[in-house]
Every structure is written in C-alpha cells, then in structure tokens.
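See the structures that follow.
Next come two complexes, and both contain subunit A; in the first it sits with subunit B, in the second with subunit C.
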Partner chain A sequence: MTDAVTSTAQRAAARPAPVAEPLAHKLAAQALSLAEQAAAQSDALSAWRQAALAQLAALPFPSKKTEQWKYTSLMALDAGHLTAQAPDQAPSQTLPEPLAPWRLVLINGRYHAELSQLPPQGVTLTRLDGSAEAPLEAPLSVAEDGLRTPFAWLNSAALQDGLLLTVADGVALDAPIEVLLLGSAEAASHCHTRLRLQLGAGSRATLIERYIGQGPVLTNAVTELVTGDNSDLVHYRLQAEAADTLHIGSLILVPGRDSRATSFQLMQGNALRRNDVRVLMAHSGASASLNGIFVGRGNTHTDNQICIEHRVPHAVSDQLFKGMAGDKARLVFNGRIHIFAGAKGTNAELSNKNLLLSPGAEVDTKPELEIYNDDVKCSHGTTCGQLDAQALFYLRSRGIAEPEAKRMLAFGFVNELLAALPDAAVAEWARPWLESALTEAAQA
Partner chain B sequence: MTSQAELDKLIRGDYAAGFISAIESDTLPPGLNEDVIRFISGKKGEPEWLLAWRLEAYKKWLAMPLPTWAHLDHPPLDFDEVSYYSAPKSMADRPQSLDEVDPELLRTYEKLGIPLHEQEMLAGVAVDAVFDSVSVGTTFKAKLLEAGVIFCSISEAVHEYPELIKPYLGSVVPQGDNFYAALNSAVFSDGSFVYIPKGVRCPMELSTYFRINEAKTGQFERTLIVADEGSYVSYLEGCTAPMRDENQLHAAVVELVALPGAQIKYSTVQNWYPGDENGKGGIYNFVTKRGVAHENSKISWTQVETGSAITWKYPSVILRGDNAVGEFYSVALTRHMQQADTGTKMIHLGKNTTSTIISKGISAGRSSNTYRGLVRISPRAENARNFTQCDSLLLGDTCGAHTFPYIESRNPSAMIEHEATTSKVSDDQLFLCRNRGIDPEKAVSMIVNGFCKEVFKELPMEFAVEAGKLLEVSLEGAVG
Partner chain C sequence: MLEIKDLRASVAGQDILKGLNLSVKAGEVHAIMGPNGSGKSTLTNVLSGRDGYEITGGQALFDGRDVSELDPEQRAHAGMFLAFQYPVEIPGVSNLEFLKASLEATRKAQGKEPWDAVTLLKKARETCKQVDLDPQFLKRGVNEGFSGGEKKRNEIMQMLLLEPRLALLDETDSGLDIDALQVVARGVNSLRSPDRAIVLVTHYQRLLDYIVPDHVHVLAGGRILKSGGKELALELEQKGYGWLTDQEDVPA
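So, the complex of A and B:
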C-alpha cells in the first residue's frame, strides 16, 4: 500500500476554489465605489467616512451563504440601486398630516428646513452635513462596537446629511418629535438617512420615525438612540412606504443607567425590507421593551433581525413581535438574546407570533438564546399558525362576511400591541394604517 | 451548603469506565487515500458495487469544505492522523459463538457491566456488541430469525442480504449529505443492520454496545434499520469508552426507514470519554442520524448525551408520508470543557404530519451546550403540527447554554409552537428539599432528574436506569 498520497493533499487539490457570488461581488464593488467617492470629500465628517470605509472594505458583503442573510436575497438590488443617488428634490406630493407638533422632514436623506417645525427649547438640532465647525463625537455606527452591518458602514461612509437631536438634562418634553423621512424616485436609486437622538440625564422624550415614499428607491437608514441615566424614551418606527420601495434599516439603542426605553415598530412589507436592530444593555438598571407589528402583502419581503446584548447585571428586556403574512409575502424574524458572563440578575423575554393568511405566504423565524450566566431568567416563545377556524365560524354564523370576519380576527391578533401604543396620535394613525395594510395583504 | 472542595470533587467525578484493555489490533497506519478504502473494502470481502460506492463518497468528501457553522470550538482536525481501520486480531477467523471470543474482550464487557452471557438471560435483550470495528458476538440471533427479524452486522448483511442493503444504504443519508457523512460513507467500518418484516412486532428490544478501544482509531459506524409495513422495533444504542488523552474521531451514520405503518423507536445513551476538566482528550463525536417516515409511520429518537468532548449530532425525521409522526426527546449534559451542539430537524412533507421536540440541556463547569433545531413545513404539508420545548439549566456562571431554533413555515394550516427557557436550579425548590433534610447534592440530583423526567420516561426501562445513574455521577454537586 502506498501512503504517499494523503487525503489532506488530495482535499486541497480537489476542493474547488471558493467562488465569489457574482451578485455579492457586484454589490460590494458598487458599495465600495460609492463609499470611496464620498470619502474623498474633506469636511467635518471626513474622519467618520474614512473609518467606515475601512470597515466596509474589510467586511464581507452579504451573500446567500451569510448566515444572517440566509432568508434574504439582495437580488432586488441588482437593478442598480447602489449606482445612482436619489435626487434631492422638493416633495412632489403633499406631506401627510403631522403626528406631532414638531416635525423635521428629510427628503431622500436631505433635511428640508422649510418644511420643518423646529423642536422646542431644551432640544438642540445639529445637522450632520459636514458644515459643523468642531469635530463631532463619533456616532455609534462608526464605533467598533456599534452597528456592524455592511449597510450601516455604507451609510456612514457615504454620509452627506443627517440630524442629531440632543435633549438637555432634565428636560421633559410633553409632546413627541416626529421625523418624517420621505424617499421617492422614478428610477432605481438609493438614499442614506441618518438620525441620532441623545437624551440627557433625567429627560423624557418621544420620537416618531416615520418612513413614507414610493418608487424604486432604496432607503438605507441608520438610527441611533442613546439615552441618559434615569431617562424615559418612547420610540416609534412607522414604516409605511409603498410596496415598490426598498428599505434597509439599522437601529441601535443604548439605554442609560436606570432608564426606560420603549420602542414600537410598525411596518408593511415592500420589495425588500430588512431591519437590523441592536440593543446594548450596557448600563445596570436599564429596561428596554421592543414591540412590533409586521404585515406582509403582495410579493413583499420583510426581514427583522433583532439582537439584544445584556452586558451588565440587572437589566431587563422584553420583546413582543407579531407578524401577519398574506398573499405571497415572506416574513423573516430573528430575535437574539445574548447574555454575557457577568450579566447577573438579567431578565430577558422574547415572544414572536405569526399568522399565515394565505397559502403562498411564508414565515421563517429563529429566536435565539446565547447565555453565559446562570443567574438569569430567559425565555423565548414563537408560534406560527392561521386564524382560528372556530372563531371564524362563530363570526360568520353571526352574519359577518368572511373577509370582514378575518379582518376582525387579525385586528384581535395584534390588538394588545395597538392598545399599548402610549401616544394617542400614533394610535389614531395606526388603526387605519393596519386596516389598509390588511386589505392589501388580503388581496391575492 | 457543602464546601466548595466537596462540590469540586463531585463535579470532577472521575470517569468510572476509564480503563484500557490490552488487545492486539490489526490496525492500519494513520492516513486516508483510495488505497485505504480499497483495503477496508478488501478486508471485508465486499462486492464491487460497494467499493465503487465508497470511492464515490470519498471523491465527494474530498471536495467538501469542513463545516464551521456549529457553536463549537476545537483545534482543526487532521484527517491524516486518524487510522481508519482497526479490528481485534483474534477476530481474523470469525468466532461462531461467544466461547470463541477473546476472553480479554469478554472481560472488558464485564468491567462495563454488560456481560454477554448474563445479558442473554436478562430482560430478553439481544446484543450485537461492536468492539471497535468488527462485530464480535451476536446473541439471540436464532430467536430473532424465528420472527423473521434480521439483526446482524452490516458487513454480514452486505453478503447475505444484498437485496435489502442495496436499495436502502444511503437512501436516507446520501454519500454527499454532509462532510462527516461523506467520510463515513467512504470508510465505514461496521455497524448494525436491522430488518423487520411486514407486520412483525420485534419480540425483544435490540441493543448494541459500542466501545472505542484502539488509541487514535476513528470509529465509523454505519447503522441501517428498515422497518417494513406495519412493523415495530425498539433499538437501543449505548456507548462508553476507555480514558485516554488522544482525541478520537467518531463519525457515525444512522439511517432509519419506516415504511407505511411502521414504528421505529431509537434510544441512545452516549457516555464516551468527555476529556478531563481542562478539556484534554475526549471523543470528538460527529454523527448524522436521520429517518424517513412514510405514511402512518412513526419514528422516535430518544437520546441521553453525557459524554464526548465534542458532540455534533442532529437526529432528524423526514415526515414524507401523510399522517407520519416524528419525535425527538433529548437530555444533553455537558461539564468540564465539553461542548455539545445538538438538536433535531423535523421536515414536514406529508399532510397531517406531527412532530414533538423536547430538549433538555444541562451545562456545568466551563462547558457549552447548544440546542440547534429546524422545523420546516413544506407547502404540501396541510395541517402539520409541531410542538417544541427546549429548556436549559445552568449550573454555575462559567458555562453557556444556547438555543438556535430555525422555524420555516410555508403552509398556513400548519401550527407550530416553540418555547424555550433558561434558568438555574430554583432556589425555592432547593430550599424546600433542604428544609426536609435532604442534602444539597441529593436535592440537586432530584431536581435535575425531575427536569429530565419528560425525556427519561421515553427511554426503555434498562436505559432509564443507566441514564439516571449517569446524571447522578456528573451533576449533583454542581450547586454553589
């Protein structure tokens, strides 16, 4: 027997060279060229752009084989969204009624002061457009430990405009601040939106992020929320863009010591929707509550990736997400709870419930626990099913037509979340929004 | 509360089955190439088609990258340091009865508490004992044959029942299924073959004990169980291995075929050497287990995993036929530096298929215990039903417990429920027990046993006892 040929040598010879996925390769090149162009500018944001560019260049671009992108294909971006920038234009449509007395408007990522009502005293608005004289504190999206997704790096690397809202210590706002983000274009293009809210110690604020728009525009959004000690934050992320838009959003939340943060995400599926949410429980006594309603319609795709990291002792988090998928829609949910070794006394819970409303719909969900400490209480639960046949029969036997009965039951499914919305203006907006979202989802 | 020293002593609990029996072996030098495969095949006098099948698997394996997705951390494996064939020397002429078996070998079994002669009389269990790679003695064969049940080593089956082996070998786990399954397909040494004819209820529980005995020898078992229409079989697999420092590679494949109306119950107690408290030594266990369930059939996996330095194991069921049932009950215990990444896959293809997953993970020391599962509902699987519960118990603040369940639903009439919890041993329960004069170790042992009860009750009697004992040895002192 010859033992000259070993399997290691043969394996090396037989294994095909790793084939870069053509799409990922192409998109990565587009993203890099975009970032490189932007990074060539020299202004107050240069340092951020350079740092982000370096990260972007080093990070592998997501492909079908990337675990976090297992269920989401970037095929929709093949139309060249990353090669053209959405025009900076005045809105072609009348803006919807504001949900709050103070509203800031961004169109395709650009701030429009003429359409905005400035927030009151105690809140400072800084534009992140490179005009600042003093260098700005690096945002979390650029920090090593912040948002670590390629699209967040791309956003930072190509940053042209954005808003920084700072609420001073001890200021309690009695009404919400709304940021309206309109994305619209005729041809495949992209825009980057950037929003950062900093709450001072002992302050209280409500932020409404509201995304609207239509056309084949990719909104690559980054939102950073950093709250001070003993502060209160209520945050809404309302995503009501038309079905032909694309949205890739990254959100990071860092609650301060003994602070309370509550977030509601209401979204409709569109051509491509991907949300990466990262919550860092880095201060003891903090509590974070994340809630969401997702409605998939038509042929849309909605992918939510939520990661909560408990790094310090005695912080609490809970999550409740409900998804409904109609027609041929696909809902993807990944909820990750990561408890670090030192995080004693952590309580963390996650619940994800899904309804499939039609035979062509698909739900892929993965609640994850990664725990390195025994003194914790963690749980997650997820369900997937359809509307209760008995309940449906009951309603129909009372003379309620099937579509109406289904709509009622779907409302009932998410009602606990609707009822929990703390602001009346948002709650009033949410009901008709859900109504029309469900109507669209029911259409086959 | 006990002192830390006592607790440590209990956690360390030396490996009771750690001894090495000195038997000369006919072992190949380490390394793998086509000649090695030809040698293995030639040694067994295999037919040409099987050699071709092995070589095809080897070619596929060569082109496959090493999987890295599991939540495991181990030094890279060198497949050229593993010896791929080892047979006890005295086996050159197959012994026709136990009397012909090397007495040293029999003593080994006795040390393990499974003397074959006694087993024959005990509880009607037939034992197909595998010592390293060659079947040593098979008991109760005649009795089983009377019922028409075939229970023999797979090498024997290749010669005697090629008409049964050919269509089913690789039908559930194809050669190129995954890295370790491909490796197994190329070099599998031996294993068990079971065939239950139509409508037969196997008259006894079938059992195989494995031992890995030759240092640096990979053990590549291949098990194939075919339950014909309307039949029933319960199969037990239990393992223990001598203590040693070299990492031993184990890549087994188990294939189950449940034809319409058949039931297969497959139980495992795995207690291979887990390595010492610093993670030195221990078995690397990469196993592919899968069953195909046809109409109205049922496949049930029950496993108690306490051994191995690395466990990579996902017993799965493909619910192909309508009304098929899949079950997975698992207790996985890790301590010292053990790492387990285990779980199941339930692939629902047929209508009205149901699956149940109960997984209990217990981690202590500096170990890492991961549940990884997949529940997939295909668009055709009307009214499919799944229930999953994964609970983790952490003993100490240096271990990890993780849960990664994948749930994919493409049929609205399917109902899927998944829940997972992670906690430590409840102080209240502990207090209650101590209140009644139960010492802490005993109390923890009771609580952990209660935690695992749902799984233990699925085990056949003989195994339930062994499983309870295994947990007791490794766990009870771990409360601090």
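So, the complex of A and C:
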C-alpha cells in the first residue's frame, strides 16, 4: 500500500509542467492511485491491469493544454469522483422495459445475472471479472492499443467486471442484444463499465447499449466492437442518463474484411459527457457508418471526438451527426479522418450539422482531415445555425403554436436519422426520448 | 370582417405601407392589384403577423379585434389564412404530420370536433384530389422539392381543410399554367360563402375570369390608389398602372 502511494507520487512528479495544472495533476494522481490499487490484486485479470497501468502511467493525463481536450474541462471531477467507487448494489429503481429479448444488466459496472436474460445459442458470454479460472488473455491488438485514451487505459487498469460477447462464425441473430448500463450514486463517485463484442466471420448481430441512471456518478465506459470478415453489425449507443451524471466513454470499432458496421449514438448532454469514438479501418472492403443525434440541455456539456483511421485500401466510412443545443448547453464535435499513405480507393464522408435552440447555447464543430493519399474520395461539412424563421412563421400561420412549431422543426432537423434507425424497438424508443430531450432543452 | 384604417407599416426600417384603407365584408371577394414592390405582400404579411413587419400607425381590425394583439397562430385560430407567395420548404416534416398539427390546433381553438387519424387521412386525400395533387405528396416533406405549381396547390389544399373565414391569397396564380389556374380557382370558389371573405393579390386579370371579384383595388406606393368593380381589372389590363402611378408622382 505504502509502496503504491510512493510510486504514484513519483510517476506524477515525472509529468511535464504539473505545477501550472494543479487540477490535472491531482486527477492524474487519483487515477494512478486507483489503477495501482487495482493492479495489486492477483486474479485472472492481473495481466490486463498491469499492462494498462504501464500505459496509463506513460501517457500524459488530459489537461486544458491537451489539444483534444481543449473544450472539455475536467473541473467537474474535482469533487472526488475518482477517489470513491460507486456502490455495488441492487437496482435503485425499476428497470425500464427491455428493447430486446436478450438483455444483460450492469449496475455501476457490475454484471447482474439475476436481472439478465442470456443471449441464445451461438453467442458466448464471458464475464470479465477476476473469477475466471484461467488468466484472461487480453484479446487486443497493438493497433487497437493506439486508439485508447488515458481514461480507457484507466478502465482496463481498474477493471473489476465487464462482459465479452462472442458471436460464433456464421451465426445470424434475428433480434438485438441489449446491454443496460445503470449508473447511480448519491455521492460523487465513479464506476468503470466494460463491454466487448466480437462478431465471427459471416455473422450478423445488433447490439443496443443503453445507459441510464442519475446522481453524481462518473461512468468511465469502454466499448469495443471487433467484427469478423463479411459480418454485419448494427450498434446503438443510447445515452439517456439524468443531467447530473457524468460520462467519459470510448467506443472502439474495428470492422472486418468486407464487413458492414452501422452505429447510431443518441445522447443527451449531462454534467460532463465526453465520447471518444475510434474507428480503425484495417481491413479492405469494410464499411463503417457512424450516426448520431445529440441534444444539450441546461448547463450540460457534450464533447464528441470521432476519429476514423483508414489504414488499408478500399474501405468506406461515413459520419452523419446532428446536434441541438438548448439553454446554456455546450456541444463540441471534432470529426477526424486520417487516411494513411497506402489507403488508396478510400471513400470517407463526414457531416456534422448543429442547431442552436437558444441564444445562450454554444457549439464548436470542426472537421479534421489528414490525407496522405491522392486516390481517395473525402467530403466533409460542418454547419451551425438556428431554426429557420420563415419555416417557423409558416407553421405558426397555420395555427401551430410557437413551442410546438419549434418542436416540429427540431424533429424535422434530425428526421433523416430517426427514419434510418433499422430496428423498430429502437425507433419507437427514440421518438419519445427525443420528445423529452427537446422539452428539457427548451427549459431555461 | 376586415377593417384596415390608415395602416402604416415598415420593413427593415423602411416605410412600405403609407396609410392604407380597406374594408372587406363577409361574403365578398376583393382583388388587390398593383406593380411589383408596391407593398402587396407586405400587406398580407402584416395582416398575418410575420416577424419584422412592424405596424407604425393606423390599425387592422379582424372581426373588430386589432390584429396586432394576436400571435400568428391566434390569427389562424380566429379564421385567417394566408396562401404564401413563396411557400416555405420544410424538409423532415411531412405534409401529413404538418396538416395534423395544424388542424388539431386550429379546430380545437375553434371549438370544432377533432378529427381522428382516419378521418384526417381521408379528408386530406380527398382534398389532394380536389386540387389535382397526388396523395403521395402527403408523405413528402412540406413543400420539399415541390414545383412552383405544386406548392401553390398545396397552399389551396391547406386552405380547403382549414376552412378559413378570411383567406388572403398572395399571387397564388403566378407561375401557374391554365389548367392549374382553373384548379386553384375552383378551390377558391368552393370556399366562397356568405360568411367568408377572400382577398386575392394578383398581377393578372386572367385569374379574375375564374374568380369574379366584387371589388378591385389598385395598390401602389403603399396606398390604395383606386377602387372599383371588376371592370377596373380589365381597364388595368389594357392601360397598365402608369396612368394611376403617374398621378401619384405629382408632387403635393
């Protein structure tokens, strides 16, 4: 124990310019201390934790000076979120109706078998906790490692529980698997959630990640999706937690050769929301489609950092994200497309459109292109505007009251995304979700 | 029904209506003609409450109520309808969804019985046919990608469903071929009744062959320069507006 504390202090002291960033310094020390305590455990996950601890210690912790964290302050974590664990408890609330016949439930990062319905034959569920008989080998490639943020490394280093779902080759699931992640606490605390889905060759699956909860709990989430050759994946990340929660999440997607992956992320802003999405196009013929709707309410903060790396020839990616910010909400979007020298025949598209619903709201959006190949198609566009005054008047002149007219226009703004949701259960969930997200966004 | 007294209005700080008087009674059809830029659309926009069109003097009374006290939606609930010169495209909001919201709110405010989804769809389809619009248009975004003529017919369709008591039609005939013009005219005529009034803004006498007005007015320089019966429209067709506006240009 004493040992761990000493080494934390030593590692933190070795960081550049800690004095100018007292908060970052403090948080870095807290994160390391967490990781070191966890790494001291000896169980099936030891190898994961040790390796991750080394990475965490070597990487600079985010601060205001880190370019990718320019718009997101970690001030919200100053209340000691990283020093206390969210309680391991039964659900504090009735769980919402499932969106799928198979649902796995995690509460503050811990899997609850008694609340879960196991997926069918062809899908293997491995629990990523310390209890496994043999040590769990990290199924990660070095290329994926490079996609991890310090918070993602912290997740691995402090890992206590998580789920690995493996869909066997050639298995086609005819209904989605839902993973419900409830995060809830009364006092400032944190939990780590870990989810990995591996699709076998020629398989087909739909995964719904649904985050709910309330209270000052930081969910430090990592979701990894690694798909096999010629597989089909539909993925949803529904983030409908209360405004007082915090979420720092990584989504890592590595689509297989000639595979198709489509992801929809629907999220509301909260006290702190940071999503790092990393897509690695490392297999030719793969296509990845990333879509999202984000709605900011109150004083919330939502930062989406998307990065797609095209490392091989002939892969296709597209991104369509739409943001709406009400009241004093802040939205950040950074869409990075990196096309490597050898990646000829790449086709990459990026669009981020935003709507400011109130004069106090703020949006920062930026495409970031790094292209080292001439033989590519790459288009990008980001916009930020307000509700169309002419359209608003048109609706009102037909007897539609102003708040309802605004709501209709906001729905209209994202309708193409709602209409594209491939699963009926999610589409039915999404409309009332957006309805209430917009109602909250309209409140001052 | 509509009493406009010495109405003055400005747009973007510029005075456009400069003392306009007009009285429209239930059962009447009025045509307003006049050169481009004379303030015809400004008048219809002021009456329906568009932002940025400011009343600087005089007043407009609808059923005895000063319109400036009413929001645009309240004017619609009171029975006013504006067929836009340039109907707005609203991608992502379907025509049917829009009609549903419009009719629900308006009928409720008017104390009319609500229409259920089946009735609404049936009425909307029938009305589409009445204005020669394929019912498939109900599924498309409001005016999204509609041709000029389709947009105008969409306006008339909405008007027929909303059954306003005062319809203001701003150049609904512009850009229509003769068949479409007849469709629009039939729609407007079907709305004519002793308790309704219609104000047609038009450039062309042609429309008035199909919708015969009780009164014709010439609007120029922000004022009604001349009023008369339907024969005034014919006279304007022959002589243009010059003979009227020239008089106006004489310094006072």
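The working rule: the second predicted complex is superposed on the first by the 413 of 444 C-alpha atoms of A that agree within 3 Å, B and C clash if a C-alpha of one lies under 4 Å from a C-alpha of the other, contacts with A are read in each partner's own complex, and residues count from 1 in each chain.
As a working rule, a residue touches a chain if its C-beta (ideal position, glycine included) is under 8 Å from a C-beta of that chain, and two chains touch if they have at least 3 such contacts.
In this text, all values refer to a predicted model and were calculated from it rather than measured experimentally.
By the touch criterion defined above, A:413 reaches subunit C but does not reach subunit B. Touch criterion not met for A:174: it reaches neither subunit B nor subunit C. Of the two partner chains placed by superposition, only subunit B is touched by A:67; subunit C is not. In the superposition on chain A, the chain among subunit B and subunit C reaching more residues of subunit A is B. Once the two complexes are laid over each other on the shared chain, residue contacts for A:400 go to subunit C alone; subunit B is not touched.
In the superposed model, A:375 lies in contact with subunit B only, and not with subunit C. In the superposition on chain A, A:97 makes contact with neither subunit B nor subunit C.
Of the two partner chains placed by superposition, A:114 touches none, neither subunit B nor subunit C. Residues of subunit C that touch subunit A in their complex: 48-51, 71-73, 75-77, 81-82, 84, 87-93, 97-98, 101-103, 105-106, 109, 141-142, 158, 162.
Remark: subunit B residues 29, 31-36, 39, 59, 61-65, 69, 78-80, 377, 379, 392, 394-424 touch subunit A in the complex. Within the complex formed with subunit C, the residues of subunit A that make contact are 388-391, 393-402, 404-405, 408-409, 411-416.
Listing the residues of subunit A that touch subunit B in their complex gives 1-3, 5-8, 10-11, 13-16, 67, 341, 344, 354, 356-359, 361-386.
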